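For reference, chains read A, B, C, D, E and F in written order, and residue numbers begin at 1 within each chain.
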Amino acid sequence: MSPTRLNHLLPQTVSELSDNNSLHGLFHEHDDGISLPSGPMLTEIVNLCRSILFPGYYGDADVCRKSLPYHIGVEVERLYDLLCQTLNDEEKAATFVEKLPELRRILATDVEAAYNGDPAADSYSEIICCYPVIKAITNYRIAHELLLLGVPLIPRFITEMAHSETGIDIHPAASIGDHFTIDHGTGVVIGATCIIGNNVKLYQGVTLGAKSFPLDEEGHPIKGIPRHPILEDDVIVYSNSTILGRITIGKGTIVGGNVWLTESTQPGARIMQAKSNK
Amino acid sequence: MSPTRLNHLLPQTVSELSDNNSLHGLFHEHDDGISLPSGPMLTEIVNLCRSILFPGYYGDADVCRKSLPYHIGVEVERLYDLLCQTLNDEEKAATFVEKLPELRRILATDVEAAYNGDPAADSYSEIICCYPVIKAITNYRIAHELLLLGVPLIPRFITEMAHSETGIDIHPAASIGDHFTIDHGTGVVIGATCIIGNNVKLYQGVTLGAKSFPLDEEGHPIKGIPRHPILEDDVIVYSNSTILGRITIGKGTIVGGNVWLTESTQPGARIMQAKSNK
Amino acid sequence: MSPTRLNHLLPQTVSELSDNNSLHGLFHEHDDGISLPSGPMLTEIVNLCRSILFPGYYGDADVCRKSLPYHIGVEVERLYDLLCQTLNDEEKAATFVEKLPELRRILATDVEAAYNGDPAADSYSEIICCYPVIKAITNYRIAHELLLLGVPLIPRFITEMAHSETGIDIHPAASIGDHFTIDHGTGVVIGATCIIGNNVKLYQGVTLGAKSFPLDEEGHPIKGIPRHPILEDDVIVYSNSTILGRITIGKGTIVGGNVWLTESTQPGARIMQAKSNK
Amino acid sequence: MSPTRLNHLLPQTVSELSDNNSLHGLFHEHDDGISLPSGPMLTEIVNLCRSILFPGYYGDADVCRKSLPYHIGVEVERLYDLLCQTLNDEEKAATFVEKLPELRRILATDVEAAYNGDPAADSYSEIICCYPVIKAITNYRIAHELLLLGVPLIPRFITEMAHSETGIDIHPAASIGDHFTIDHGTGVVIGATCIIGNNVKLYQGVTLGAKSFPLDEEGHPIKGIPRHPILEDDVIVYSNSTILGRITIGKGTIVGGNVWLTESTQPGARIMQAKSNK
Amino acid sequence: MSPTRLNHLLPQTVSELSDNNSLHGLFHEHDDGISLPSGPMLTEIVNLCRSILFPGYYGDADVCRKSLPYHIGVEVERLYDLLCQTLNDEEKAATFVEKLPELRRILATDVEAAYNGDPAADSYSEIICCYPVIKAITNYRIAHELLLLGVPLIPRFITEMAHSETGIDIHPAASIGDHFTIDHGTGVVIGATCIIGNNVKLYQGVTLGAKSFPLDEEGHPIKGIPRHPILEDDVIVYSNSTILGRITIGKGTIVGGNVWLTESTQPGARIMQAKSNK
Amino acid sequence: MSPTRLNHLLPQTVSELSDNNSLHGLFHEHDDGISLPSGPMLTEIVNLCRSILFPGYYGDADVCRKSLPYHIGVEVERLYDLLCQTLNDEEKAATFVEKLPELRRILATDVEAAYNGDPAADSYSEIICCYPVIKAITNYRIAHELLLLGVPLIPRFITEMAHSETGIDIHPAASIGDHFTIDHGTGVVIGATCIIGNNVKLYQGVTLGAKSFPLDEEGHPIKGIPRHPILEDDVIVYSNSTILGRITIGKGTIVGGNVWLTESTQPGARIMQAKSNK
């Protein structure tokens, strides 16, 4: 290639790409010393939480009973420091750290639910190490806690990290009870205003979504309106079913696979797909 | 284990695995100094593009207005050098680099569409950082540009990287208009001969696929025949629907969720699933 | 934040998180010198297998014909050493290594099937580098071999690594014949007791699952009962269909997309979805 | 080993090592959010300076004329940010950055002196890449500038990094003129209160040290008293000679090898070692 | 280059280099599962010791009083585990760990000696961070302790690591009292059978070496004979002096710079170099 | 700091530092696609050579007899590829590779000399792992071979790497016979035109240097004139001695420590230092 072209190409392209009009809305300017939370730092935060919550499974695999408090001490301090840097708020960082024992308590119920719900599972070890739902629900519960503390953006980052890792997309604003599990999980979507009771089980490909959403006068969707389903306790939804809108799926309802559901159900209901044609 | 067995195992296994018959079709021999594009190099190319296109969101988070041109200058030069090495063609590398401002212009419309289409989105920042569609459509638009330049194999690598990251599988040969978005995205498939207009929105699990394909005389599929759908402007396809074959989905058509569609639709059509049985 | 609170926070939280009750079932104690297989070590094992099986495509891209045996020699030795450490059983490590030529032979049939089944594929190179099914089926075949050797937990780790990477979830205990392929793949689930014949093709989103499972006297699922489908030779299942229960899909059956199927089919059957409502 | 002993060993040793008496003077407590400058951060600062001062020799080797300003822009910004973090003083960081052109100007005279002084040198490239004096004098000039700005501790870190790398130990408080060079360099020591003129050359093993130092009433050395030699312009000191005390080595003096010198010399003096016995 | 030559070159060179005669004495065969201690593992061991002994100066710079025991706990456990792997002897590993408090106690005297001996030192921080003697004496004291436990080879590795880092070469078998310091240090050599009392100070370039050594009947040096000097308490040796042979340098002796000394001295002696010729 | 100053500082400093006058002689412009050899690549080249020459000591510590040829094969190929890239000359790369067996043969004599010359050495393992002379002489012999092939600059890089690591500075153009060793080594300098016979031993701090060098008409040193000593076979030079000029040290001469020697010696001479004053 002619050097002339090369010498021209670089300044011309750089100039176009640095133009304010070109950048409009797509450039996150580091302003007043604040920049976006870094990906590696959020990854470290999530990994520390996983390691504190499930010691020996995540983080240092060689931890033993006698050294466990030392490990947890170092990890909790590091987590606190990273949260202070990332949230820029020591009070929120401390509050989050104090929630860790409660987070572990509820995650224990999720592990139990996954184990009891799958005949292929041989042990708690297999659940904690190999079931994508554990990664997804852990990230969700961390993110939900941060969202309750008023932290912006970071909760979505954290659930999206699990979405990329597992194919399970849980919005951090959703509310999810204990003993929650998802089998296989790829393709599951749980929307921002979902309310899910205790002891609920989903299978792969289930969507708990919005049916439609009202637009404001300028034609933009109105934010913040409840628009996703409520699942009461003990509901099971089989694979690839779609439940849309602010409806209530009654306690103990079983929704079969491949179902498209936009209306509320009574407690104990059984909802099945139309028959296939042979 | 007896040393005798060990001493035998290694040369025997190596010999079998180095045998030409065993290797047939599965060995990419480095020939004439050309080897496959390396994964780390392609990852760096994609990361550089993301960083140039969305500065501050990808790449160095500390970039500010006054230093932006320096960053873009270094990144564009590095990208150009990597493309020269990878494509082994300076002219194509330069042409690709010149397309970057246009790539950013069209990606800005995709960001806008994602923001306007989701009531859960709080800001452009959230869209660019946390919505998998941005990663998938960016990789697709990069890959499509390279494919138009006649670059083999690499475009597929690049869209497959996004597929692994997001669960969204867009073939680089597809043609996609501006203001394109996908919500959630896991499980979306967009085939190689798809033609998608402007302002189209898909939900998770949507397939735009081939219905069947003619075989040649030896029973192998004939390559290169148009076999995927055309979606005209303003089409919306809800979650988990499947649209197959070289059909035309008319302007403004809305396809509901879980629909199986193999016939063209009129502009403005509304296509819904058969009812479930309760 | 007041130092007093900080000084209190750390020991209090560490103490709660180190409590035996809190840890119950969630702490993997390194016991008798045995810890869980480390993630990085399993990743290296899988990468070595991929590199040995598909030289030049995975691992060192610069390998050439004359140096291939050296590369394979070093990789096989390293693989053997890692397996010895991980399995803690030299005999099993050696037996696995001896299976590598046979693993490559059957994977060659999978590559061939993927190439013949997709008109968009330009070359074997594209299949091996860019088709997620190759990663998923390779991990499955490695994991299945280890499971046959009686190795616990690790096979599930290995298939779950591919699940995260590709969205394809194959249980290592499933049995799968030669010339197997999956197109696109995101959302595919293949259960633990599936038996799949030769020359079978699946599309994205297909579930081969369990319909229900008997509980024992305490209400827990009984482990180990055959509960997933048998697919005979030459079956094709199109996208997003669900086949549940210990049924037999007869030789050459074609199951259309979005089908929900819970009954056996005759050889040569054609199963299609109920029509959508327009 | 008996588990009892192990269980005892850990808490006992940790307790002793955490004891305040044991820690006295040896524990750098992170206090008020200030910790020691991190080694990796100082290494990055020095590498950035080297790369800015000698572009193409240090840092990115592929920089070319047209892209140089972009590289320098990114590096200067990064350097400024790191200095702000490390010095915790934006004004000092800015002042240091403004000194870079002057630092490069004087280092150019050092490179020239090294080239002119060694018949074995083939090119400026060889000097800049391979002569340890360039690394040592660059670190010294950086450190000296920071010391003039009143920065504590960090200047000593930076010269000690060069000491470890080259065996040349220059105190950052020494004053050194232009066209300074050292041949080979291992074992050279230049004390804190040395004053060295222009165009001075040292060989390996030369010490410019203190002869003795007065003690205060408690028997501790009194800090800050001039106690090292003054070398006027154009002095040469050959290998392994030692010059001690606040003496003045007159302009143009040549000190031979292995000399022990504790008295001032006249301009133009020639000082040689006592003869060896054969 | 002709492919023929290349094809020939590789197997021919590999064959010659794998030949047993060529390898004689230069090949460390991994035998019975034992291999040489790995460099990275020894580096980690030394870094852990430095971090435990001087917390906040080495290792994590953010450690604070309240979290110190957690950090030390994790580090001591990790050190113990690495020593078990490296020494293959749990008893020796435990004994070494128990010596850590005593190692810190004596190192504290070395830090104090360095501080009191140098008017250029501003603080203990500067001594611990920037004085090469601290690195060298720490490695020596670690290595000496391991040597006393009968550990082969590793002690030499550890002192040689400090030799490379600082230019100070202390044999691990030497015996060195408390309050020991070396100023600058490059070129110092302390031989294997040296015995050094308390409160001794050396300057750069000092050799405490062997004068000659008896040969056995085959002309090889006889190992293990005392052949290096004894330095009694309070001795100072100035720069570049050489003291050779099994002589005794009496308490309080001061040896000037550049002295060649092969005979014992009385307590309180002052030994100076022959005058230079002017 | 005022943003105004910051906004001014960056472009102003970048502009000054990018100015051609400022850069004169200090900027290595990447020209015609050629850049300087990268440090990491040279480090890898040296590490590969060390690993090939001393298998099991350097490189993979787990290599065993049966797998050795595979390791050497992979390493030799990688070395050849790196040399081709770095030297840009396949013929020279191949010639260097063919010299490796001869390099190992002569290095074996150096190891033997080190072992026989030091009563503190317990084994060949200790020599190869822990004696800095082995690193320095290996790098020298590699660099010398490349220099004989006419490779510019890189030989100096390689010996300077060893200089930094060991304090031993051997010019690659020196000529050194077999059975060469250096004890301790810090501060040794061996000049470019030295000629050293077989079975020569040096101690730390020995300089084999130039006495003076003629200047050309412009006052620059004339390059390439023999100006360093010739040491015939069986010479020993004790620590810190300096031998200068194109003199000949006769066969079997022993030079004591701290000697300054500028005249030739007869075979068998004994040269000692002047006595110290007590």
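Assume contacts are C-beta pairs under 8 Å (C-beta built on N, C-alpha and C of every residue); 3 or more make two chains touch, one makes a residue touch a chain.
Quick caveat: nothing in here was measured; it's all calculated off a predicted structure.
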Kindly list the shared contact partners of subunit B and subunit D, in label order.
A, F
Min route length, chain touch network, subunit C to subunit E, equals 1
Equivalent interface positions on subunit B and subunit F, same or different at half:
same
Return the chain whose centre of C-alpha atoms lies at maximal distance from the corresponding centre of subunit E.
B
Angle of rotation relating subunit D to subunit E [CA atoms, steps of 5 degrees]:
120
Any chance you could check whether A-D or A-E wins on number of contacting C-beta pairs?
A-E
Taking each chain's centre as the mean of its CA atoms, which one is farthest from the centre of subunit F?
A
Averaging only over C-alpha atoms, locate the centres of subunit C and subunit D and give their separation in whole Å.
57
Subunit A and subunit B have mean C-alpha positions lying a whole-number Å distance apart equal to 24
Give me the residues of subunit D that touch two or more other chains.
6, 10, 14, 62, 67, 69-70, 72-73, 77, 167, 186-187, 205, 240, 258, 273-275
Chain pairs that touch, as defined at the top of this document
A-B, A-C, A-D, A-E, B-C, B-D, B-F, C-E, C-F, D-E, D-F, E-F
Mind listing the subunit E positions that touch subunit C in their complex?
6-7, 10-11, 14, 66-67, 70
Touching subunit B in the complex: which residues of subunit C?
52-57, 61-65, 68-69, 72-73, 76-77, 80, 90-91, 94, 97-98, 100-101, 104-105, 107-108, 111-112, 116-126, 128-132, 165-167, 184, 186-187, 203-205, 239-240, 256-258, 273-278
Using the touch rule from the top, collect the residues of subunit B that touch subunit D in their complex.
62, 67, 69-74, 77, 81
Report the residues of subunit D in contact with subunit E in the complex, numbered from low to high.
1, 5-6, 9-10, 13-18, 22-31, 35-36, 38, 152-153, 156-157, 160, 163-164, 167, 169, 171, 173, 186-187, 189, 191-192, 205, 207, 209-210, 213, 219-225, 227, 240, 242, 244, 258-261, 265, 269, 271-275
